[in-house]
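Take a look at the following structure, please.
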Amino acid sequence: MIGHLTRTLLSGITLAAMLGVATVSTQAATLHMAWSQDATGLDPHKQTAFSSLRLLELIYEPLVRVDASLQIIPAVATSWEFSKDGKALTFKLDPKAKFQDGTAVTSADVKASFERILDEKTGAAARANFLSIASIDTPDPATVVFHLSQPDAPILTAMSDVNAAIVPASEIKAGSIGTKAVGSGPFKLDKWDPNAKEVLSANKDWAGGATGVDGIEISVLPDEAAILAAMRTKQIDFALLNDPLVATLVPKEASLQLNRVPVLAYHVLQLNPSRKPMTELKVRQAISCAIDRQEVLDTASLGEGKVTGPLTIPALATDPSQLFCYKRDLDKAKKLMAEAGFADGFSATVIGATGEPPTAAAEAQVIQSQLAEIGVKLDIKMMELNVYVDAWLKGDFDMAIALNGGRADPYTMYNRYWTKAGNLQKVANYIDDTLDSQMQQGRAETDPAKRKVIFAEFEKHLAEMSPWIWLYTSYSYTAQQKNIAGFVPTPTGTLFSLSKVTIQQ
Amino acid sequence: MNYLMRRLATFPLVLLGVSILVFVAIRMVPGDSITAMLGTEAGLLTPAQRDSLAAYFGIDQPWFIQYWRWIGGILHGNLGISVTYGRPVLDVILERFPLTLELAVLSMIIALVVGMPAGIFAATHNEKLSDLGVRIVAMIGQSTPSFVLGLLIIYTLSAGFGVLPAMGEFAPLWQDPLRNLSQMILPAITLGFAFAASVTRISRSAMLDVLSDDYVRTARSKGASARSVIWRHALPNALIPVVTLSGIEFGYLLGGAVIVEQIYALPGLGRMVLDAIQQRDYALVQGSVLFIAFNFMIVNLLVDLAYVALDPRIRLGES
Amino acid sequence: MRILRAIFSHGSGRIGGVIVGVYLLIAILGMLGLTPHNPITQYRVDRLHAPNGAYWMGTDLFGRDVASRLMAGIGQSFTVAFFSVAFATLAGTVLGLAAAWLGRRWDGVVMRIMDVLLAFPAILLALLIVTVAGPGTWTSIVAIGIVYTPIFTRVVRGPALSLKAREFVDAARTFGSSSSYIVTRHLLLNLVAPLTVQVTLALAWSLLTEAGLSFLGLGTQPPAASLGLMLSDSRNLMETAPWLMIFPGLAIMISILGFNLLGDALRDILDPKMRRAPA
């Protein structure tokens, strides 16, 4: 602190003394962290908000995890195996795994956890991913067998989500999940003051070994410019950032480091093919041809991201420039509009959520200006997030700007929209036999090479039918002081590697 | 006393109106506690899952039953349970209220300490260059949006001087007074600037007003010194409009300062209500709006009573 | 006319009058589209340019001309301010007069409703109205208007009550004037002074409230510009492109300064007691 002060001007010193900053504690082993949006709850099976998942991943553990390259790695389970017919999935549990109350993690806890997720009374949104589970066997305390009603390759990836976390059977019985957080993860939650702060301390019994810090204190700083200001003055060691306008300022600070990693979530312009004139394939294709995706990315996100097709998973993604009209073609767009009988264009409303993502309003404005060139007059309506979600779920929009979450498996990611039985069919409003059968094939296939071919076809067809206009994927940003070592950013956005982060002196 | 009773008698009526207004308004906003918790994932729920979550959040009953239960609870001193905090609404409010109260008091102190002398100074130097200077500063204060001032202060301090009071990890006054004050001073200045500006302007014009009154002229003509005229005769009378303004402003501040709390990451009432609206925490929104309205009415009543204390000529309850 | 002359012979009134006049001119030019560039045209090759010869106040994230947007934004902000204050003045006058004139039960009902609106936290009330009705120019106008209605109702009711009790109204009554004639002729004339002052102050508040709503994402909708929206859009670009905050920030401050100066001058001119104040 003294060395830091000598650099500043005299007025800086008096100010510092006045404001009492010299008393900022430097407990070496506590990581001071900040984010702008707080977790919304503690039930790992029910919470789906980004910040909730990031918090709960530090406290709870699923059976398996995905690493930075999206490969499945052990968590509570040390090994797993599909049966030959693909209809049984067996897990061996880690004998060292312990809940934070000291009891061992057994197969009974795993069974109870999944039964809780599958119970409709729980209200777990993730239940939709596990409907193929017919029964669960526990031959011994360290072995769990899931019997499936049909081959289901993506279920393993779904089990890597914290929404499939293993919770103590005793806590389920006591009905205290959501009010008390007892997991088997690297940190214990000591205190949670919603929308203000969280205090986490290291779990000494964690099966994954010792953590790099003694604890984490998370502060909620709603304004990201204020987070950056707090990092400049070294109050915050580590922060999660959403707005590319703020994140791009971090590298300009000598003492700070920006970690960015492409994520699976995608920015998209959702058309509503049940509303005229988007019912016409040619109109949708014209819109796709009229949009310059790179320019949307460059303007709204300062170029922070990559133009993408429907598949955002690196192992499966194809070169987007090969997809339908990924190079802007105004002549083709005008021709398609004329063929559809809309040579003079039409008017429509596009909805977006304020600040979610932070680039939503900017994307809408660039698209509005680009579509004006083919005579489409867009009216922008920015809404409070929940009002937007309500309209979105009802499919009550002409077009919507969205940032939709990605999954490590394309089936889990898209079956909700593009299969006939998909839960969000009425949001997508587009039924297509080809897409449906491609999804079913991809679900049953376990050979990665064959899956890649199936999903490449799926992506090509989806881009050509243009029910939605996929735009780009952006980065997940974390900012840190340079003396923080060991953080590994991943495409899922997880902060799990904070368990091994250390603070260098 | 009679007046006091009559004023207090209108409280339940007004609070009833506020309760209906907030209850209806928050339910008319699209989206509910379920979409607030799950976002777009809410679309994955089956109807049975939806029903069980609605029962969990207490939004499965018809609205009039919900309202009846809520009002019934209030009569027993129970404002309901906040779904985000998992605790009684009143506990949550009382935990956030001290900060809001402290911020309001600090801003008012800043406003009065800076504003009143400045106003009196300007009034006694009426239409001179120094008067103009004070008035211009005051007007700038009144015309700067608080978020502009707040962002500028944070940016200038952190980027220009490398200092900033501790953000987040807020320390209550009674735990660590020094740290607490260091965290509160900038938000208080941000709010106090505009407040002080209003006080300056109102005390200047009140002072000018009083100085032209007959009894002050009389005092002057009887040879009282300028200083004694101002302090003994003019000031007590000029205080009335200042008290009115500060009281009303203070009443507003007790409702929380949403934007300033947001920028400085203070866990006050204003941000709590905003978050509660965004998370569709109905019980918390209703409870806190009722609480804020009650405080506002109490402060207003106190302001009216202060009139009597300041000026015995005023009898209350006439109009 | 007499009042205009009085304003211009009053020191701060002159400054305030000139400022408000210039803003009105800019607002009209902005609304007629007489701006250097089209305020919503995106010159995307010229994104985030600092002020220069072609763009006097620089360009924004989309390459739109800030000077043109500022003109259009002043037009938009003034529209919201004027219409919302007009709404509040009209509603407040009608309610205040009705309460004072009808008296008894009506007075009680109207004033208790106003108490409810007054006790309801102002920014939350505006916020709820806008979230329910969906953001837009008219919603902002109505929301801000409703928030300020109780203040105008009070401003009107007080003087109306004391005027009603005064003799000349009684006199008019005994001479057989109809009650609507009495209300309009006598009461309204005597209310002009307090209302005018309140209006200029409310205009300043209204500009700030619109800015606050825009800061929370509930004000003017893009791509239209308002001073508040321009300011709030600029907050995370403050370091990269400071001109995006400086110009709308100054514009909002100077306009509120203008309204305040004008309001003060009007108070001096219209308040008979103030006229006696030592010059």
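First chain written, first letter: the chains are A, B and C, and each begins at residue 1.
What we mean here is this: contacts are C-beta pairs under 8 Å (C-beta built on N, C-alpha and C of every residue); 3 or more make two chains touch, one makes a residue touch a chain.
The structure presented is a predicted model; accordingly, all values stated were derived computationally and were not measured.
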item	value
Between the pairs A-C and A-B, the one where more C-beta pairs touch	A-B
Chain whose mean Cα position lies farthest from chain A	C
Rounded Å distance, chain B centre to chain C centre (Cα mean)	22
Rounded Å distance between chain A and chain C, as computed from the means of their C-alpha atoms	44
Distance from the mean Cα position of chain B to that of chain A, given in whole angstrom	38
Residues of chain C whose C-beta touches two or more other chains	131, 235, 238-239
Where chain B touches two or more other chains at once, by residue number	29, 151, 155, 159
Junction residues of chain A - those touching two or more other chains	225, 384, 387
Chain C residues touching chain B - in the complex, by the definition given at the top	11-12, 112-113, 115-116, 118-124, 127-129, 131-132, 158, 161-162, 204, 208, 211-212, 215-216, 228, 231-232, 235, 238-239, 245, 249, 252-257, 260-261, 264, 267, 273-274, 276-279
Residues of chain B touching chain C in the complex	10, 13-15, 17-18, 21-22, 25-26, 28-29, 126-127, 135, 139-140, 142-145, 147-148, 151, 155, 159, 201, 205, 208-209, 211-212, 252, 255-256, 258-259, 273-274, 277, 289, 292-294, 296-297, 319
Chain A residues within the chain C interface of the complex	224-225, 243, 245-246, 248-249, 295, 298-300, 354-355, 358, 361-362, 364-366, 368-369, 380-384, 387
For the chain C and chain A complex, residues of the former touching the latter	40-42, 44, 47, 61-63, 131, 134-135, 217-218, 221-223, 233, 235-240
Parts of chain A lying in touch with chain B, wherever the complex brings them together	4, 7-9, 11-12, 15-16, 18-21, 23-24, 32, 34, 40-41, 46-49, 120-128, 178-179, 193-197, 217, 219-223, 225-230, 232-233, 235-236, 384-387, 389-393, 402, 404-405, 416, 423-424, 427
